[in-house]
Structures are given as structure tokens and as C-alpha cells.
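Following this line, the structures themselves.
Each of the next two complexes has chain A plus one more chain, namely chain B in the first and chain C in the second.
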Partner chain A sequence: MRGRLYTTLLIIVLCTCGIMLTGCQLKDVERRSFVLAFGIDSAPTDEGKDNQNLIEVTLKLAIPEGDPSKRDQEAVIISQVSNTIPEAIRLLKSKVDKELDFSQCKTLLFGESYAKKSISEISDWMVRRRDIQLVAYNGVARPSAKEVLSLHPKSERVPAYSLILSLGREGTESPFIVGMFSYNFRRHLSEQGLDPILPLVEKDGEEAILINKSVLLDKKRARAELTPDETRLYNLLMTQNLRTSFFAEKDGVIYSYNMESTHAKFKLITSKEGKTIVQYYVGGRAILEDNNQDVETTGSLLREVSKVASEKWEKDINKFLVKVHGTGLDPLGWGLRYMALNWNNATEIEDWEKIYPQLEFRVKADVEIKYSGMIH
Partner chain B sequence: MPTKRTEQRVEEWLSEQLSDTMDFEERSLGKSIKIAFMKSLSDSDTVKRFIVVPSYEMDLPAYESYIATFPGCEKSQDKQKVLEFVLKGYIYIRIEANSYLFDAKKTEYSGISANITEAIVQGPNDALTENIETNMNLIRRRYQSKDLKIEPITIGNVSKTTVAVMYDASRVDREVLEEMRKRLSKISVDILQSAGELEKYLSERKYRMFPTTIVTERPDRVVFNLAEGKVALLMDTVDYAIIAPSIFNDFFTAMDDKIQVPLVGWFMKIIRYVGLFITVTLPAFYVAFTSYNPEILKVQITLLIAGSRAAVPYPSFVEVGLMLLMMEFLIEASLRLPKAIGPTATTVGGLILGQAATQAGLVSNIMIIIVSAVAISNFVIPLNMMAFTVRVLKYFFIFFAAIFGLIGIVVSMIGLIMYLSEIRSFGKPYMKIFAIEGKQGKGDQQNG
Partner chain C sequence: MVKEKYFYYLYLINALINIIHFVPRVLIEHRFEGALMSIFISVIIGTGLLVSFIKLISNFPGEGLPELFYGSLPKMIGVPLLIFFAFLWYEAGAINLAVYADITRRYISPDASPLVVIIFFLLLVTLCSRLKTESILYALETTIIINVPLMVYMLIKALVNPNFSWDAVMQVITHLWTAPNYESIAGATFIFTGYVNLAIFNRAFSSLKPRHLWLIPISGLLVLLVTLLVPIGYHGTIGVEDQVYKWFSTADSIRSEFFLVERVLFIFYFTCLSLTLVSAVIQWHNALEIVKAISVKRKPKELKAASNKDWWVLAPMALGTIGMEYWFDEDILRIFGQWFLNVRLIGEVLFVATMFVVYRRRKKRA
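Presenting the complex of A and B:
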């Protein structure tokens, strides 16, 4: 009897749920427009008008195709100038016939001029918005997000997918790309002792995008730019086993080698004079790929090339670190390390701010180059 | 001491009871021998050779002792018993003041045929037959142990079906055996015709989703389970045996598993569980992904579903429900149709549902793939009872997916596991992976 009572109760509860839900209409996938990429720019300056705070939101939408055998899918690009992002989106809704759905939006690009002004609004909107997944990729777009999003690379089958593939290193594994997830970006924006860094997505001609630089930001806006080589060094210092190739020059011969494995770590050391030194230890194993003058490879030559390569690394990385330090930013997390190791919550931030300008850098590199397939 | 008079009274009573019956026959052999039997149930050749002919060749005392020495011949004065036995096919013989019941049953049944519902690749192919003695033979031959006990019970006020309770006395779980006897003795029905029916009467609940006893037509499965300490029921006139208690895992065990190389066998078992998961959840996932949570899938798939659904006028759960219903019809139709028209139904149904429906834009392409995947993975389950249960189960999932999306599926999955954990089969937990523990290992016995 009790069992029956429970069953009846369950049925009643379910029916009530069902009745209450009749008001909401199901919006199936075919009634949604999927936003695949989101771009934000400062609105183009318009003479005589006060549009300091106006922004332009650009959305790249996919038109679903039922026929998978078609080469590519059409994209719709819509944009709207407005005061705020939610307002812009509300206005954009009337430009499409379906419900805007941000759940597949995995790239958010900030136009260069916008990023130089302030990015706090977009980053705030991005994390608050329920349907934007925080594993989306962020990047700075040059010349503007709208222009980058309007590109249609030939290799692309799904709109904006090439951005996802390259920014997420799902497709290409370029050492010149700094991938940055939204949640990480947002975290770095508020974290003390670590500043965010974003990849720079450039328009390259009429149909291609180029991602090989990166942008350093402080807690609010873009501040400095890293060249491709510097971006690669950043990746070398921040990630394990970076796949890339370098070259070393010895006796006028250029030897290029490919990294098999890399490692990098740093320590904060206090010198005898009381200065704080950031001591980097980097290294890795590499395979000699070619030299441009047909020099016979021997063990002793390899050791010498390794030495030259290590010295080159030390010089380059030191230069890179000094440049980064010169911007006053901290994308590598030295401050975070300092605060983690110094347990005086009350004063550690002030201490670090005092220490930071006097930071010195030392780099110890150890590259081991080998040679494969030696047949004579 | 019975007298001729009382015996005659029994005889008269008998013919009175069976009057107006075309197949009832009474004969006098000489002055003092009377026989009565049912023509339709008794073997006339036996009657002729062993009863009629010798009666003319022997004198009365010799004939009487001749009859009495037959195995299966009983002496009886109880008229109820006489009637009952005559209705079973025994010959009632009265010699002077003594009456005998002579076993001349004629049973018509199909011979031992190959398995139909539980086909396997390699291994014995005998199926149980409609004759309980043949079945006992099939099982005894595979299980040559003195401990194999067989207890008869008659069920059915009218049908008087013989049910045999089989178990290995040295291995059986006594509690289960007692429970089985108790439940069998409680059954009170007029007609008992199939194993499924008996299974229904044996279960403790009226409303339930999952079969708690295995109904099989494989003697080797019966033997395998007897060795595990389970109880088997054989029914006369039914070519299926019932095995109890059973656990969930039993329904996913094919008799092939024993034959396969261990790793291959495990792979097969995993395949079956994956099939179970797919057939239960796939349509529900489709509903959830198209209507509630498209963000879970990759961009390409989402766009593909959206594109293929572009022309579909109904919400996803209507589409799924419609298609699955069509599939159920197709399965039912091809099952019931005579062999000659069967293929037509599948071809026409497959063509119409698969091709025309998508081209007309009534259902999406993806939907067709899902429905086929669901149908195929459903047939992976080796035991039919479970396959039917699973067929029903997926609609619950679709229902909850249509209301709550992905959360609905997760919750129904949890609910299903809770429900399964609560089920008991003859007092034994249903979700237990190893049915019998503490007894001697499975491997030391039996060859199949």
C-alpha cells in the first residue's frame, strides 16, 4: 500500500512539473544561431560626436548546413555599436531570426584599440554570462576584431574554427602562440604577482590570419607587445617540452636544431648585497637538423655547438627578461613566487613592489644537442 | 479389502464422469477384466500389445501379476485418483476386485531442435523441448551428479501442469530453495501454460521493470546455473526453464562467454554493457543535446544536428518518440508476420523510415542514425526478457530528458541504479556481481 502511495505521489509531482513547464517553449538547436566568435572594438571615431565610450560588438554566426558533404559553411557577421555589451547584444538580436546562443563561442577577440583602453568590461561580462564557456580562448586582434572576424580562411570548414584550432593548439602546434583560456585570463587580471598575456591575432592579407606575437597586459589594458621570438621564449620559459627549433652559429656555420624536450624553472635568490635575483635554469635536449655548409658532424663538434647554443640562449633569454622587466609587468609570475615563499601577508605586496624595480636576472642554460641518423 | 462390487462402483462413476466424451473408451476383456482409457491420451499400440493381447494368452492370476509388475503401474481404489490418472493418459484396468493404473501415456511433442531465441556461435545447440522427461534427460546427461535432485509439484487446478524443481543438493542455497517451495505452493491458478506466466506468479512484486528470474531454453545454461547453486524449474509442455535467483549480470552472460578466450569473453561482455548504455541513453541524449545543452557537443556536430533538423517541424522529443515508435512497430511487425511476408515489412519499413522520412524533412538524418544504433545495440543483450525491459526503459529516459535536459538523464540514471540496487531476487541482491560466494569455486565442476 505504501509503495502505491509513493507511486501516486511521484506521478502527481511529475505531472505538476509538466504542467508548470508548459509555458516554456523548447528552443531546439535549429532555432538558435550559434555565435562562434565574439569580437569587441572601440567604435570608429565619428567627428563631432562624443563616442569615447562607445563600443562595437561583432559576432560571427554559423549558418547550419544539413549537408555535411559541402565544403564549407557560410558565416554571418553582424556588428553593432552601443554603449554596453548587453545592450549591443540586445540590439543584435533583432538582426537575426533565431535565438543567439553563446554556448559554442570559443573565441573572444579584443580589438587592439579597445584592448589599449580597457578590457575590464568585457572580461567581466565574459565570466558572468552563463552560456559562455570559460574554456574559450582570448586574444587581441589587429587591426580590429571586426576585420579579423570578417576573414574567411580557405582552410576553414566551420566558421571561426581556424581561430579555435590555432589558439587552442588543437590544430597547429606553433611555438609562437600563447594560448589563453578565459578563466585563466580572468584570474590573471585579478591575481597579484602575475599579469595576463594574450596572443595577438593579426590580419594577414585578405584571407589569412597570423598569430605569432603576443600582448602583455597589466590589470586593465594592453601595455606592451612581444615579437615572435620573444613570444617563443615566453613559451619556452612557461611550458614544458616546447616543440620548436633554434639555431646556433659557430665558425660562420649555422647549425639549426630541433628541441626534443625542454625544461625551465626559476628561483628567487637574495645576493650578498641584498638584491633579489631571478635565477633561471633552462635546458633541453635537441637534435641537430641541418647545417648550411656540409660540415661533418662529430661528437666534439656537437659538444661545441651545444655550448654555443647554450650561450646564445642565456644571452637571448636575459635580453627578453630585461625587456619584460622594463615594461613593469610580470607575466612570468615572479611576484607570485615571491609571495608564495614569503609568509608575511601584511607587508608582502608592498615588499614586492619595492623589490620589483631592482630585480636582476641570471640565466643558466644547458642545451644538449645530439645527432641522429649518422651514415657515411 | 476391496470387493468386486466397490470396484464396479468406481468404474461406473468413472464412465459417468467421462460421459459425452468422444475419446473415452471402455472395453471388457473376457468376463473379469475391464479396461477404460482416453483414446486421445493413451497409446493404442501399447494398449494392444501389452494389455489386450496378453489377456488372451494368460490365465487370470498370471495376467494380474504380469500387469502389476510393469514399471509405472499403480494399484488404486481412490476414484479421484483414478479419474486424474485416466485424464493423464493412464489405462484403468480392473481385474476382478483389483484395479490398476497402467502408464500408456502418449505424448506428442516436437523433437529436440536447435535454439531459436538464444543462438550462439559455438557450443551445444540443443534446446529444451515440450516434454519434461526429455528435458530432464538433456540436463541429467550434462550434470551427472547424485546431488541433482528433482522434486515434482503440480500447478494449475485444470491444467495440472507438472513443474519440477531442480537443484544440486550439495550446492544449493537452502533459503532460496525454501522460498521457492513456499512460493510454488502458494500459486493457485487454473491454467498454467508458459514459463513466463510461472515467472510472473513467482515474483514478489506486482509492478516491476526487471525480470528477476532467467527464462531460458538452453539446457547448458540450466546446468551452468545449477552448478552455481541456483534452483531451476522445468515445466511440462513448456520448452523453457526458469532459473532463480538471478542477478543483473546473468542477463548479460551469453553461453559463448565460457567458450571464448578470457580476454575476448570480457570484451564481449563489455560490448554488451556498452550496448545497454547506448540503447538506453542515446535517444535521451539526442533530446537533451538538441533542446537543452548543445554546448556539450563539438561545434561541428552541433551545427550538423541543427542543419539536419532545419526542416523538422516538431520539437526533438516528439521526433524521437515518433521514430522510436515506428521502430517498435517495425520490430513487432517483423516478429509477428508470417515468414513469407516478413522481409517485405523490414524492407519497406527500412526504406520508408530511413530514406523517405529524412528526405521529406520529417525527421533529421542524425535521428535515423540514432534510431538504428539504438535498435541494433538493443539486440546485443542475450536474454530476451532483459532486452524487452531495456526496450521500455529508454522511454523513461527520453521523458526526463525532455523535461529536464541533461540533468534529467543523470537523475534517471541514478534513479535506475537505486531501483536496481533495491530489487531482490528470492532474497538475494539483484545488483550483486557474483551470485554465490563462499561455496566451492565455479571452476571445479562441470564441463560446459
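Presenting the complex of A and C:
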């Protein structure tokens, strides 16, 4: 009997403890301000000071409110100059009256000047902190992360949501945006034979952001930039079923076509002279979108335009690959593929370092424009 | 008395909780030094031990280890062996709980004291490990049925991700022909260890001749390959080393846009939590029952299911775990866990060997 009494008492005590422990880590939602985007810039250094590695951390905060459908969700933007990120955040805590909560922080932007110096600190911080998701989006900001975060686009209902929608392809599915999650970025940074690439988020006027370029990095800092067209080709080579349109010119007429499905893969081939060739096979099915001279579309015309389009792809992609190769970087993972297929593990890294400068590229494109749309 | 399918649950829970900490860690540490080869070797060793133990114990339905040792082994040998085995079971549960308390503190509630977390875990585990053997098996079945679909969902989600790097996986596979070492074999065999729980749980089985035993090596091989290769596909061949809890970081990298919560980490956490707790209950139940059987002078079959004297056994076990959580830091816990894995494999071989001796002696007597 007494045993049962003790058990009952114990259960009651347990339940009471349980009630006290509920809630969002002991702090209510009203007492938190959610960090929705994080930006880091290298701070302008004063001439007199010796510390040259000052950084400026910018946070875009949302304050929980009743009605999320209204647009008057003003974001709070705070920034702080310091020498390390945690120190900056500690200092920022005294600028807000609420607890900073990073669990919704899905965008991390590195200012251009910061990315050109060194990105090792931020990449370490973002994967080390447990409350920042590994599925946060990374990007390089121009002119600076602070200015990009300060923008408030008209279409934006929740602060920083436009960045999340476009970088994550949840809203717009632009072929010019390279989506890069934190874990993926980190993998690119650590892997041998693979270099990182980040989307470039630009300030476009006073109220808009523009994301259509990308930045190539080595293991430490930003090194080169890709134009919108090159970024699209990168996406074409790295993803399956990219939604985009291209155009081809035949007999002075410009035909635009929209890709319905795309595929791309590459192989490493050794040529007879012992050179290593990166052989790309790309292609896809497309639908004709318009031609600017009212030419009647026939079956043979579709096939001819397909042929012209394929040739244009081969030329463009080859040019793109040669440019990427010229930077000395490897964002497409040729080196990793070489090592993955090479069973000679002891020397493969040195072998690849010898092979890389002499790489050659071949592209085989096969665009099939299959349909003419609704009219002939 | 329960059906034979419960044997598979006992195997499955051990195979599933291995991804939480030590097995992925030791395998990934040796990914360039024979991890793959040790996976293949451990499938052979693990299946061998498992099948021979099943064949031996199926001759004695309804009897646990203490009853089997009683009379067929001299007390001088039987009792120390039982104490050694009970200690292994206790450590298995304690390490699981200590690691999970650490994970909870890291991912869910960094402000909570780790002691509070572990005390709550311990309350649940100690209360439940006093239950009847059959009840624990039923609870195990429920846990498995709820959690396995979630695990499968997360695994599929992980593998269909376009950012999953098959090249990185392939790069590790090219290190196949490297000689393995004992540590990684000891780690990899851990996933087959679920059968040792039959030492006590055999009391609940009226007959134990599970069908489809060929499922064990195949599923074991798949589980081990997934354990090793999926984190590599996410974090890369080099970067995977940086992660402390490889599978938690992997779960955090999986994104499920249209599920209840976007961050898969939380679903993964709760799945692993229930599996860990149930597994700790099973392990401590074994340890408790063995200690009870030793300490009672009469023939162990006359034992009552649960008595207040259990707490004299459970209290030091719980205190030991709290001490582990309090004094061990991340690195000592890792070394301790690795030692546990190393000793465990020897203990397991010893366990099956003793079982064989018992079988021979019983047969001679009959």
C-alpha cells in the first residue's frame, strides 16, 4: 500500500516538473526576436587602429506580431562592428530588448569585400552553432551584406522572406540562381577536387534585389565571378531538368525555345596522346516559344533548329568550361570524379594536380525541339 | 509467452540505434583505413555469432541465462561470468543515455543542465526496466512500429536529394582494399548485438526458431553501408570528420518542405529518443535480472517479477550514469565508448562460447 502511495507521489512530482519545463526553452515567443537573415561584412578599418580584421555583423530581425497577412511587418536591422562573430552577437544583444533567436535564420550573406578576404570564420561558425540550420541558404552580397539586408522589396510580406523564396527556389525558379545550402557549401569547402560556388545577391535600385550572377571561391576566399549566362550554364550542367529558355539563330531568324527537360553528365576520358579529356553530354527536350519573323514551323524546320541549337550549346558550354578551367578552380567537381573512379588512392591527389592544368574539354549536345507550341 | 517475431524486434532496435553515435563515428574515422572491409568482415562475424547463439538457446525454451548457468557451470566460473555480462549490459545502457543527454543538451535545450536531462531519462528507464519481460517486449514492438516508417521516410528523403554527392561515396568505396583494424570491426559488429538480450528475454519465448534468418546478414550489411555512406554523401569525404554527431548533422541537412516541420532534425531526434530509451530499458532489464538471479540464494526460477529490492541494484546503476554524465567530457566519452565496443566484441564471443559449453553439459546430463 505504501509503495503505491510513493509511486503516486512520484508521478505527481514528475508531472509538475514537466509542466515547469514546457515552453520555448523557458522563454516565451513574445520575449524573442527572430533573426531571419544574417549578414557579415568586413568593416572599414580605421587608419590608426592595428586590428585589420574587424567585421561587421548585420542581423535582420522580425518581431512576432498578430496578423501575418499585413504588410506592415517592419523588419528591424541592427549591426555591430567587432573582431569575432560571437562577440558581435553578444554586443548586439544589448541593442534589442528581446532574446535573439537564430532558429529561423535561413539566409546567410557574406559581403563582397568580406568574401574576398577570407570566409573561414563564418563557415566555421555557421556549422558549429547548433541552432542555425544546416539547410540555410548562403550567398555573397554586393555591395555589402548590410545594404542588401536593409532592402525592403515591395512584394515582401515577412521580413527577409524574398531572399528565402528566391535563394531556395520556393518562389521563383530562376535558372540564374545557384542554390547553396550551408552543409553543401561546407562540403565544397572541405572536399578535395571540388570548389565552392555561391550566388551573388545584388542590390538593384532602392527596393529590389537581383540574383543572377555567381561567385567562384577557392578553399578560402572569392576568386572569380560568373555572368548570368555562365551561371545558367553552370546550373544546366549541375542539375537535372533545369527550367530555362535559350535561343538559336538560323538564316537570320531568332527562334526561342523553352526546355521541358534537361540532362547533363560528364566523363573523364584519356585520349590517345595520354591527355585527360572532360567529355560532357548534355541535352534535353524543348518546345518552341517564338520566332521573330513569322516563319511557318514544319517538322524539318524543327529538326534544323534543333541542330543549330545543339551547335550553339556546344560552343557556349565549351567556352564556359574553358573560362572556369582558366580560373584554376573546380566548381564542377572534375577532380572529385577523377578520385572517385581512381582506385590508386595513394597517389591520386598528386596525379590530379598534374593532370588539371592540361585538361581538355569536349561537349556533345543534343537538343531536341519536339513541339511547336499551339501554332505552326 | 510471445511469438518468434519479437526476436527480430530485439535485433532491429540495436541495428537502428547504432546510427546515433559510436558506430558511425568509428566507421567514418576509418573510412580510408578499411571501414568497408570491416563492414564485410563484421557481417560474417556478427551473423555467425547470432545464428550459433540462436541455435544453442533454442534448445532451452523459456529459460534465461542464470537458469542455464545454474547447475551446468561451477559457481566459481558462472557467477563472475554473469557479473561481467551484467556489467556489459549496464554499460551499454549507460553510455546510450549519457550520449543522448549530451545530444539533447546540444540540439534541443542548451540552457538545461545535463544532469536534469539525464535524471529524467534515468527515472523513465529505471521505472520501466522493472517491468515484466513480456511487457517490455510489447513496448518494444509499439516503438518499432511507430518509428521505423519515420526512419524509412528520412532515409528516402536523404537519398533522393540532388545535393547528395555520389562521387564522394564512390571515392570512399575506392578505399575498399585497405586492411581493416580491430576497432572498426568491433564497432561494425555492434549492430548485430541485439540477440544477446535473449539471455533474459528467452524466458518469454516458448520456442525460438525464427524463420528467414538470411534477412539478418542482408539487412545488417545495408544498415552498415547506410550508416557509413550517407553522412559522407552529405558532408563530403573530408568534411564528414568535423561533425561530432554525424547522423544528427545529416538529419539537419535533410529538408522536408511539406512535412509537419521543415527541419527533419527534430523528427529524427524524437525517433532516436524513443529508440534509445527503449533500448536502454531492455539492456538494464537484462542487467537487473541477472544481478537479481545472482543475489537470490534460491533457485532463480522462483523470482518475483518486481520487488522494492530492485532499487538496491538500480540506484547504483543510475548514480554511476549520473557520474559519467557529470565527469566525462566529449572526448573521454568517445574513448570510453570505443573501449566499450572493443571489450563488447570479446565479451560476445565469450558469451556464445559459454553458451556452447552449457549446451554440451546439459546434453550430457540428459
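As a working rule, the second predicted complex is superposed on the first by the 341 of 376 C-alpha atoms of A that agree within 3 Å, B and C clash if a C-alpha of one lies under 4 Å from a C-alpha of the other, contacts with A are read in each partner's own complex, and residues count from 1 in each chain.
Going forward, contacts are C-beta pairs under 8 Å (C-beta built on N, C-alpha and C of every residue); 3 or more make two chains touch, one makes a residue touch a chain.
What you see is a predicted model; the values in this text were computed from it and never measured.
Legend: residue contacts after superposition of the two complexes on their common chain; A:32 is shown touching chain B, with no touch to chain C. In the superposition on chain A, A:158 makes contact with chain B only, not with chain C.
In the superposition on chain A, contact is made by A:339 with chain C only, not with chain B. When the two structures are aligned on the shared chain, A:236 is found in touch with neither chain B nor chain C. By the touch criterion defined above, A:133 lies against chain B and chain C together after alignment on the C-alpha atoms of chain A. By the document's definition of touching, neither partner reaches A:305: not chain B, not chain C. Residues 17, 21, 26, 131, 133 of chain A touch chain B in one complex and chain C in the other.
Contacts from chain B toward chain A in the complex involve residues 207, 289-291, 293-295, 299-300, 302-312, 315-317, 364-365, 403.
Per the touch definition, chain C reaches chain A in the complex via residues 32, 106-107, 109-112, 120, 123, 162-163, 165, 167-171, 174-175, 177-178, 234-239, 242, 249, 252-255, 257, 262-263, 265, 308.
For chain A in complex with chain C, the touching residues are 3, 14, 17, 21, 25-26, 127, 130-131, 133-135, 170, 181, 183-184, 186-192, 194, 239-240, 333, 336-337, 339-343, 345.
Taken in their complex, chain A has these residues touching chain B: 7, 17-18, 21, 26-30, 32, 34, 36, 62, 64-68, 73, 101, 103-104, 106, 131, 133, 157-158, 161, 164.
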